[in-house]
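Got some structures for you, see below.
Consider the two complexes below, in which chain A is the common component and chain B and chain C are the respective partners.
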Partner chain A sequence: MIFNLINRKIFTLLKVQYSNMLEYRVEIALWAISGIIPFFMLNIWTNNNLNESINISDVLLSRYFLCAFFVRQFSVVWVVFSFEEDSLMGKVSPYLIQPLNPFFRYFAQHLAEQITRFPFAVIIAFFFFIFNPESIWMPNLGILLLSILSTFLSFLIQFLIQSIVACLCFWTEKASSIERLLFIPTLFLSGLLAPVVSFPAYVKSWIYFTPFPYLIDFPANLLSGNETNISGGLSMQILWIFLLFPLFKKIWSEGTKKYTAMGS
Partner chain B sequence: MRQSIIDVRNLSKSFDISSKEPGLKGTIKHFFRRQTKSLKVIKDISFEIKEGEIVGFLGANGAGKTTILKMLCGLIYPTEGSILVSGYLPFRRKENFLKNITLIMGQKQQLIWDLPPIESFYLNASIYDIDKFEAKKRIKRLSEMLEIDEELFMPVRKLSLGQRMKSELLAALIHEPNILFLDEPTLGLDINAQRNLRKFLQKYNKETNATICLTSHYMKDITSLCKRVICVHEGAISYDGKLDLLLKKLSPVKEILIVCRSEEDAIKLENSGFTVKNKTKNEVTIKIENYSITSSLKTILNNFDIEDLFINEPPIDEVIGEVLIKKDYDI
Partner chain C sequence: MNIRKYLKVYKKFLHTSLASELEYKTNILVDLITAILSLIGSIFLLSIFFQNNGYIGGWKFEQALIIQGIYTILNGITNTWFNPNLTEIVKHIREGTLDFVLLKPIDSQFFISLKKINPSGFLEIMLGFLLLLFCVRINQINLSLSFLTLSLITISCSICILYSLWFFISTTTIWFVKTWNAIEVLRSFLYIGRFPLNSFSFSLRVFFSIFIPIAFITTIPSEVFLGLSQWWKILLEVIVASVFLITSRKFWLFALKFYSSASS
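Right, the complex of A and B next:
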């Protein structure tokens, strides 16, 4: 019953946010294009034959970076910036006195944006295959479904991490600067610039205990058909969600006591 | 006997405020060592509001009116004291409490800027667990009351301020709350839009017996909606009671302009013992105490040949303005 009600709320939120996102379709197309870092990285790797050092073929490496592009497209999160702005401008006040946590709004906003992004990401992939026809492959249905699940879990992890940072707005007002600190390890350790397998052994000895490799590297390897520990990766993703969710709830409940409703 | 729906006891609120000296030296000092002090913005206030009452909160800018409303609706946490609204502790923000209240802040909007208001209405309806059929009925009824129709289907960014405010009200009332917290709802609206909004609030209060707590700098909002006012001065309550009692106390006299048929009558009236404010040819303006107004007018009508007569109420803005700068009113 409660699940159904939440579902109805989320579904309506999603519908409304999708209509809202369609108002910004050009902007979303540009955002999709702006996420092509993995293709630049692919170019650097293949032109310098760096893949030989880690025993990955050109084809597998190009599939990896294409998948990294896809995973990134559907797991990118900006909730800290939205919440910070809304909080500073007093826009969060009306949401706080509604019987739905305001983070559900941001959650729906992100999902709606991902749905809007999808066709643009497919077009970019289409052009990628035109220039790299040898990279065309078809993952089997099971792997495809697991990859979608893993990408969604990656999105959830990033959403929770950023939501926790966003809640620091209740204390510091400029929580986005803390997020910028987190952006550095996310960029370098997630697998967006290079597959984690290429990292030095001492980094690999501890990196799998952090959430970063499960953000891009694990889902991208899974989708591209590279060797990876599927059950281990999914378990770690779920474990991180179980660790982060109570932390978010705690910081949210403490933070709202500090809320001063400035700007309103 | 109506029940108390809002019960506030010894409520206080303090904010930590950081201060910075001007200039480069002050900036560097502020960077290394922040000076913060606790500022008590609400000081030990107590009051009760009964179901169905419309209460106006009056006070100068920064007096603490909005902070009180924010605590009443659970948006901010009180430092000391207790608040019970509809039997709930507001800051706990329990679902049933939130379904009972609404907060409308003039110029602050919850409508989605790029979409027509109707989308926000249906979104709010689902947030408050109202099914689509019921939501449609409520939107129709409220839009008729607010006299908005095609605006519902135009993007919010294309609406005028008045149309937007009406849509904001509809969005905020779709769950039919029992308690309305309105923080300057007519801010920035033109005279007609202000009047329409007031008419709507009166009607809503009459039809639903909703309790309304209102702050406004427009005296017309207060005088036409509120029988009771709570005056806030520097975070403390300086007056809590009937508005007409306050006005009587603050302006015990009325000004009466009397137009006599002849100049002789005007001179006679001028010298008949009334307090004369001014006299021009056959017009005399006199001041009469409120308590003796009937008997004084009887005397004037019986003894002088009067062509016309005008009773002027004291300018309410001036009267209320006096309240806002005084600390205590014992009436």
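Right, the complex of A and C next:
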């Protein structure tokens, strides 16, 4: 009964948010286009034959960057920006009265946006294959499912980190600048711009203990058929989720106690 | 046009927006750390490219650092002036407050482009200058008067082109209302400016010189720094910059004819 109720809530939320997102198709298409940086990076790599030194063939590297693009498309999180606005405008107050954590609402928003984004990402991939016909491949079903799972886990990690930052809105008015700060290591260390294999040894020695390589590098390697430790990567992703979730719950309960609506 | 009046008004703008921004002192510190980390990150990425190669697109590592320096300065200028002001246009148009801007006895483009200022961008500009000074030392560049004037001319042209691109996209808000994402696309394209143009394949090079003149923005000033630039290139940059400035101005005046306030 309770499970059924939760199920219905989530389903309704998703449906509402999906129709909401469909209103902004052009906007989401532009979002998808703004994620094409991995392709520019690929161009630098192959045009200067940089991949020879790290022993990845042209084809595998182009698949890697295509997968990195895909993983990024489906793990983009912006909850802190929405939450900051809602919290400053006092829109959080009505949400807090509802018998549902407001973050479910944002979570559903993100999922709905990913569904809307999917066709645009496919179109971009289609163009990519027109220009690079040799890199067409079909991962087997098991790998495909595993990489969808790991992309979702990567999304969860980023969603949790950003929700924790978003909760800082209860204390400060500009939590989004902390998010912009955190975005920098994510950008350079996650493997979006260069595969982690190519990093110098002094970085590789510690990077696998941070969450960054599991955000893009691991799922992209998995999907593109590059060498990677599947069980190790998945368990690290799950470990990070287990570490971050209690932290989020703690900061949320502390924050809501602190919350005072604007103008009160 | 009365220059003295505009200078006086600009002084007031500076005063009010600095006063309001300095309310968030820690925010400025966070932004400074973000700028430093982002510079470290891009130098790290560059060092990965140069790990096993002496040259990328004909540029040595020390030379490519000049591009980073110029990019950092331009990015700082974007964060100080363009970003806070031109994203505001979207808000003005959505909420109909552009009416108040148009009614003021002052040029609307001037008001909209210079109203606000974000002081944390200054630190980024300084960071870029420091890097450039360092580059001048390691590349053993002679600081002569002609060198200084030429680099000043090319960098100011880059600023003009950059401003026009931002302004152009923001102006389209009058028709499309939400162009926040189009700016995001521009941002991701501008990211290419961190790397020498020659490191990309021919088709991308053509694209980035004709459609989005990123080539003009960072590569030509860097070539001036190295004393490699030909006269026709500098002349071309001056022409491109003036064409961009004039068209963006014309486009704004044209777009205003289609402005029909909110809820009217």
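Operating definition for what follows: the second predicted complex is superposed on the first by the 261 of 264 C-alpha atoms of A that agree within 3 Å, B and C clash if a C-alpha of one lies under 4 Å from a C-alpha of the other, contacts with A are read in each partner's own complex, and residues count from 1 in each chain.
FYI, contacts are C-beta pairs under 8 Å (C-beta built on N, C-alpha and C of every residue); 3 or more make two chains touch, one makes a residue touch a chain.
The structure displayed is predicted, hence computed values, not measured ones.
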Chain B versus chain C as contact partner of A:R8, first or second or both or neither: first
Which partner reaches more residues of chain A (counting touched residues only), chain B or chain C: C
Touched partner set for A:F127, first chain B, second chain C, both or neither: neither
Partner chain in contact with A:W137 - chain B first, chain C second, else both or neither: neither
Contacts of A:W171 with chain B and chain C, given as first, second, both or neither: neither
Partner chain(s) touched by A:L30 [first = chain B, second = chain C, both, neither]: second
Doubly contacted residues of chain A, that is, touched by chain B and again by chain C: 24
Partner chain A, residues of chain C touching it in the complex: 24, 26-27, 30-31, 33-34, 37-38, 41-42, 44-45, 47-49, 51-53, 56-57, 176, 178, 180-182, 184-185, 187-188, 191-192, 195, 199-201, 204
Of chain A, residues touching chain C in the complex: 24, 26-27, 30-31, 33-37, 40, 43-44, 47-50, 52-53, 172-174, 177-178, 180-181, 184-185, 187-188, 193-194, 198-200, 203
Sites on chain B touched by chain A in the complex: 15, 70, 73-77, 91, 93, 95, 98-99, 101-103, 105, 108-110, 112, 114-115, 119-120, 122-124, 126-129, 172
Chain B partner contacts - residues on chain A that touch it in the complex: 5, 8-9, 12-13, 16, 19-20, 23-24, 90-91, 93-100, 256-261, 264
